[in-house]
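My questions will all concern the structure given below.
For clarity, chains are labelled A, B, C, D and E in written order, and residue numbers in each chain start from 1.
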Amino acid sequence: MQKITRDALIEKAQTLLDSGVVTRVLGWKKGDFDYDVTPALFTDIESMKKDFVFGDFCGANFSKYLLKETKKIGVEGKVLVFLKSCDTYSFNQLLTEHRFDREKVYAVGIPCDGMVDVNKIKAIVGDGIVSIDDSAEVIKVETLYDGVKELNKADILLERCANCKSRKHVAYDELMGEDGEVIDSNRFDEVEKLEKMSADERFAFWQNELSRCIRCNACRDVCPACTCEKCVFNNPNSGVENKAAANSFEEQMFHIIRAFHVAGRCTDCGECSRVCPQHIPLHLLNRKFIKDINSFYGDYQAGETVGSRAPLTNFTKEDLEPSEAVNREDK
Amino acid sequence: MFNETLIPKLGVIIDVRQDTPDIKTFRVVSPEGKKLFEHRPGQCAMLSIPGVGEAMFSITSSPTNTEYMEFSIKKCGCVTTWLHQAEVGQNVTVRGPSGNPFPVDDVFAGKDLLFVAGGVGLAPLRSVINYCRHYRDRYGKIDIVYGSRSKDDLLDYQEIINEWATDSGVNVHLTIDREQEGWDGHVGFVPNYVKELGFDTNKIAVLCGPPIMIKFTLEGLRSLGFEKTQVYTTLELRMKCGVGKCGRCNVGSKYVCKDGPVFRFDELDELPNEY
Amino acid sequence: MQRIGVFVCWCGSNIAGTVDVVKVAEALKNEPGVVHSANYQYMCSQAGQELIKQAIKEHNLTGIVVCSCSPRMHEQTFRKTAAAAGLNPYMVEIANIREQCSWIHKDMAEGTEKAIVLGRTAIAKVNLNAPLTPGESPVTKRALVIGGGIAGIQTALDIADAGFEVDIVEKKPTIGGKMAQIDKTFPTLDCAACILTPKMVDVAQHEKIKIYSYSEVVDVKGFVGNFDVTIKRKARYVKEDVCTGCGLCTEKCPMKKVPNDFNLGMDNKRAIYIPFAQAVPKVATIDADYCNMLKNGKCGVCAKVCTANAIDYTQKDEFVEEKYGAIVAATGFNPISMDKFDEYAYSQSKDVITSLEFERLMNAAGPTAGKLLRPSDGKHPHTLVFVQCVGSRCASCAEKGKEYCSKICCMYTAKHAMLTRDKYPDTDVYVFYIDVRTPGKQFDEFYRRAVEEYGVHYIKGMVGKVSPEGEKLIVQGSDLIANKQLKIEADLVVLAAAIEPDKSARPLATMLTASMDTNDFFTEAHPKLRPVESPTAGVFLSGACQGPKDFPETVSQAGAAASKVIGLLSKDKLTGNPCVAHSDEMMCNGCSSCEKVCPYGAITYADKEFRGPNRTTLIRRVAQVNEAICQGCGCCTVACPSGAMDLKGFASKQIMAEVDAICK
Amino acid sequence: MRKISLSNLDGLFAKIAEKSKLYIPVDDNKGFAAFKLWAEGVKMSNALNTVRSAKDFFFPQMENLMEFKTEGKNIEIIDIREEKEDFVVFGVRACDVKSFEILDRVFLSEPVDSYYASRREKGVIVSLACGKPAETCFCSAFGIDPATPAGDITAWKTETDLYLKANTEKGEKLLSQVEGLTEDCDDKAVEEQKKAITEIVKKLPLQNLPLDKFGKGKTKEYFDSPEWDELSSHCLGCGTCTFVCPTCQCYDVKDFNTGREVKRFRCWDSCMYSDFTLMAHGNSRVSQKERFRQRFMHKLVYYPDNNDGLFSCVGCGRCLSKCPISMNIVKVMKTLGGKENV
Amino acid sequence: MQVNEYKPKIVAFCCNWCSYAGADLAGSNRLSYPAEVKVIRVPCSCRVNPMFILRAFQRGADGVILCGCHPGDCHYTSGNYYTRRRMALLFSMLDYLGIEKERTRVEWVSAAEGAKFAATMNDFVQTVTALGENKRLEDLRCKK
């Protein structure tokens, strides 16, 4: 797959800005290092030429920003958003849930061959990163202590990219480059591994993972499916409100309910795991639901189309019983 | 183990008075029937019902009252709603006093005083007014301008009519927002009334009420020639700890619960506009 | 804080036998909010109720817990008691300490302990109860019947006879439906037209009934008691109120080759036509697809011959908006298309016909004037083969046909066979069947007469293939009883095509938010207990749109639907169930999850303005529950992730308080 | 100065653990460090720092303050405070050690927070010099020397040995407890390491922050800066930065009703949360911009205002590496502080 | 009587139209089942939010059972079909987290099935008793 360049995106933005198709651009702004890019809104091409970056660290899913961007009062015109294939699924899901006005967005699909996880780089090269050159497949990382190291991109991909489910863009106004295909990925392997464990092992596994949770809500706040006006965990009247997990029950409660609330709506974008400061594999909860939904009710990919009926707001008369669900051999 | 300010004292509600349709005044003492703690005019206390919540309220009774404390509370959130259905004998927890009082013994001493309040805004001023009335000879002339939506919404109406208005050197000016049957007093908004009354500037003014009233009353006083250094008010923000540590009630560098709630307008000018 | 009164009932010894009621009353006294606790032998008795009323007044109670029998037994009783004492009836909760406690436990200590927990649970709930008032909505005292077949006709007549106005919307130029096409009816063999046409006339003459023929429902808004319906009156190019139905135009029209759909295309009509002699309304209609005047602007014969000046070539579709309190779906059925059943050579030979076509062939007003003649050559057929279950009971061939039994085919095939043999004794009649199903009054007797008296050859087995050979149709089939393959040289093959809901039902169901099953039959509100109601309040089902039916069944269901409509329209106001869903608009984000799971279509969305930060206004899409439609199942409350949707009377907080009280 | 061979580190830990609980940084299954209770076999992490800061030891994310029992109209207040146990935290970095001073100024100022104070009293801090600071480190910008961290005892780890130097009475006491295991030594190796660290620190990219632009009395200067809009525009409003921050100390007090009693607890709160200042009749910080501004103004202006110019940031870099959108105090300082230079 | 005999806490959510009536019928027929079972009446099984089930465990329940009309017989036509999906997924998730799958159950009990109700409760109590106290989804604050 040909790699899309920063210049190509700037050129595209310039065309669209100049022709008045869009009035502003959601993009990535360079940071202090080569890996800490920040989402930013650009309103003119000069600032883009100055600060806009695009590279292997632009993993953030921008579709949720459209909620805020399209609700801005007194702002005319469309906003340009660049969508990686995975982002397009979130984009559709948000549209399905009437979360933003499609008319106010100009979506440009961009090809993506996976984004890189800086934590994986650090795990290999250690601290003190001076520079990262991600212009080629082999990524060169220079550190204070160890000189330049060459890393294979495949080894340092974000988890979600290593298990990319689709390179196909399911929503866009315009596509740059060629579209990819839906991938028959191995994304459920980890889930299966857990399923094969004994209940005791699974319990120990999750206790270890969830006990690290600091309830910072980053997973929730970044999640494109979590778009409630007021989350039940912030609502004193919900009966489950809590700010800090008092014990393992509340840790479990938060993550079970959150996963349940996004079940059938989660596009498996992997943002929750990417942003978790404690590196809890939250995607394994969501993927469990996705896997179960696929095997219980037939394959369903949230966000594949706009307006599809989520599995939890649907049924057939022949659905399996809960008792069968927990006793299935192939679950 | 030493004293912990977060741990409250136990209080008992010994009287509940329905002041206006949505304001009740609660009289609170210790289980032994004594006053819970001493306070200064303008200070606040945290009342709480375990399981419901804790909230900050002005102590509306005067420090000179040695028997009990009173809190005038408007029904708006969950703690206040709960309190409004409480009956005499109900226990509550009380923490305080919090914050800085009005400078009644230095700055105010010997001066003419003007109190301007709107609606439930009278509650924080009542303790100061009664304190100054108690030590009547320490202060000059006292003017009280108080307004509310209607006659029924005037807090402490009986006390105002029967006690305040009858004190010598105390002038009470009441107003309500709209004409009402059975009301032959002034009608109109507080800021306008203050301007109409046209006070001389040789006095200290204290304002309390809804933000919009404060804004226009201050403008009115300024047009009458008052300096901001002569005008005080009290602020209200979300509070939790009441001791300047939990981090939420600050305006700039000042914590309302600790450095306030009493501020002079020139002090407020130094603070960012985030209250 | 509530002021709760607790009343523990002995129920004689039913409860007091295994529950220490005094101890229960004593224990519950200390629960939060309880200000009064009493026990009495029979709380439901006059004296017991009086006790409650007195306590309400004396202790100024705001809530009541009765520890007694099941709420299914006396909840209403105690609600009324509370109401009589001025307390909102929904401030009453029942702790079921009889059916779910004293009757199942033998040990006094155990029973008492559980009764206390159950009482505590009810108290915990009442503490969070809020007074509820059922919503009221007015009722438009007029009904709409969609479909003018026998089902629609019967429903309309019954409603109109009760004194309410009824409109019938029929998409064809005349009412009458399938029954008008049928020759005789089983098992009595009386003439369909003879029993139908008087009813059609009744409809036409009824002052309470208005017929919108050649019309369709295109939009439905509103809810039970208050539907707003838009009806499209298709242009028929004839002024309905002027046309006398003399029929002169239909004779003079030069366009003679218009397939006659009333006779299923087996003969022709003119471009201007009256479907059949007894049509109601008896008004001509121009088929715009064939009329030369409308197509090319040349002709105008009908206008010239019409003495009443009823022809109007400039007519346009009209849209009428009407208000109704109730809607009856009576959209009926159609035989399925035979396209996918080519093994029976339907498309290859004119002499392979469906049973409905056979009806027309046998009908005196049909294309052959009632003479049984082969469509291909007009010759008299000698060997007839009837094939049963064509497209019915297709469990394994669902892509071709239907999985269900079409129910009526066994009987009408017996009728056809019998009538054929009766009129034409020179015929050989064979019937291939899988089973013969005759559960109905006089049904089996009828079938046996066909076999025994009329000598119809019933063959248990399937027809594998029909192939035209010269003038003959070679029918290959198997006889399962004789266990042999058969080959019959037939002159006419009649296929008992499965019946399916009319195609108009699906879009109509969407408009009505009425649910359908996978076969597009309307779903009933309850299959056993509410068979003529749709789950959508105010929408009723009449006839075959709900499932395959014969005439008597259709007519009785039509009457039942009418009685439900009459029951609804006789009310001036509808009082709802106050335990309905409610959406907190401040929390709703308009995701539509709730709407998707609502079985009643009670949830709609509106764009509402909200105050944003810094004096801005935000517009948000929020869910709104129509309390008149909501039945209070609470499905939406769980579909809603934010908890914006809650159920009054069974609020999340209340249920959680119950959970807490039980687990305490 | 005392030293002990790294090979005998377990012995040292065992000895300390005899008298008090000992917490050391330990790697989890993914290689991220967290302070864990030491026990036989628990190995110290080599990571530069823990994901969570060390503030938990004195200001835990959640702690019960008191209990209430209610019956009818009656309330009983139960003081559940109890004497805390002695504990030692080993391996606290210079930045986190400095954070204790910042927290002290909040919790130990009148009226003293007894929950914090009692833990502070019982805890002994053994700090550890940073051999290999990360690119995200900028403690030295705040005058913190990663080569010589404060604490009751300062430790330096070389290839072979651990060097220990007591700074306080508490530290002396602990050192004397382990005297038998350690030996006296000169500070040559330590001085060498310090020099090396100082050299590395000079090379770190974030050393020259425009700190002089911030501090006491700068409220007016920055409060209405137009830059806040853009800086905060993509903030998710999560609590990651505040929860990994060693100096963030905002808390909430809430009640939990167990059905038998009400437990009043406090837990970390975040000024980034929309409900932080929400009241029944409104919110003084209406949008994420105000909340975002509060956090950074507090660190850079308000706190210094109230604390003799001391910044409420120690440059640990946690927010730099953990923020989901990579927005952080460095970017804020560069944007606001750098505007005059442009 | 043994004093230390372990008695589990069981919360049973029953829909008003079928299962609650079934429970009543069990009572009318004097079919006994353990007193540990306490029923909460809900209009339909679809009213039961997973949060209620977790809440029960938090507050000390050892088992939670959900009873509704048989699929196809829902008073509200489709409520229990949604329940079935929701609970299938929820229970599978609980199992995935290592929580004993026997602690949760869904059973369809019609108004006529008093005997089934009693038998189901007997069996469920037996199963949960065998499992012992709920430790994996407990909130120690709520325990005595």
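General remarks:
Simple rule for what comes next: a contact is a pair of C-beta atoms (placed from the backbone, for glycine too) under 8 Å apart; a residue touches a chain by one contact, two chains touch by 3 or more.
The structure presented is a predicted model; accordingly, all values stated were derived computationally and were not measured.
Across the assembly, the mean Cα position most removed from that of subunit B is the one of C.
Chain pair with the larger contact count among D-E and B-D is B-D, by C-beta pairs in contact. Computed centre separation for the pair subunit A/subunit E is 37 angstrom, with centres defined by C-alpha atoms. Spacing of subunit C relative to subunit D, judged by their CA centroids, is 68 angstrom. Taking each chain's centre as the average of its CA atoms, subunit A and subunit D sit 30 Å apart. For subunit C, the set of residues that touch two or more other chains comprises 597, 639, 652, 656, 660, 663-664.
Residue numbers of subunit A whose C-beta contacts span two or more other chains: 232, 238-239, 246, 312-314.
Residues of subunit E in contact with two or more other chains: 50-51, 55, 59, 72, 78, 82, 86, 141-142.
Residue ranges of subunit D in contact with subunit E, taken from their complex: 256, 258-260, 263.
By the touch criterion given at the top, residues 28-32, 34, 48, 51-52, 61-62, 132-136, 200, 203-206, 230, 233-234, 236-240, 242-244, 252, 254, 256, 265, 267-270, 273-275, 320-322, 324-328, 330-331, 334 of subunit D touch subunit A in their complex. Within the complex, the subunit A residues that touch subunit E are 191, 194-195, 199-207, 232, 238-240, 246-247, 249-250, 252-253, 256-257, 259-260, 263, 285, 288-289, 292-293, 296-297, 311-317, 319-327, 331. The touching residues of subunit C, counted against subunit D in their complex, run 30, 32, 613-614, 660-661, 663-664. Note for the complex: subunit B touches subunit D at residues 1-10, 49-54, 76-78, 80, 87, 89-93, 237-238, 240-241, 243, 245-250, 252-253, 270-272, 274-275.
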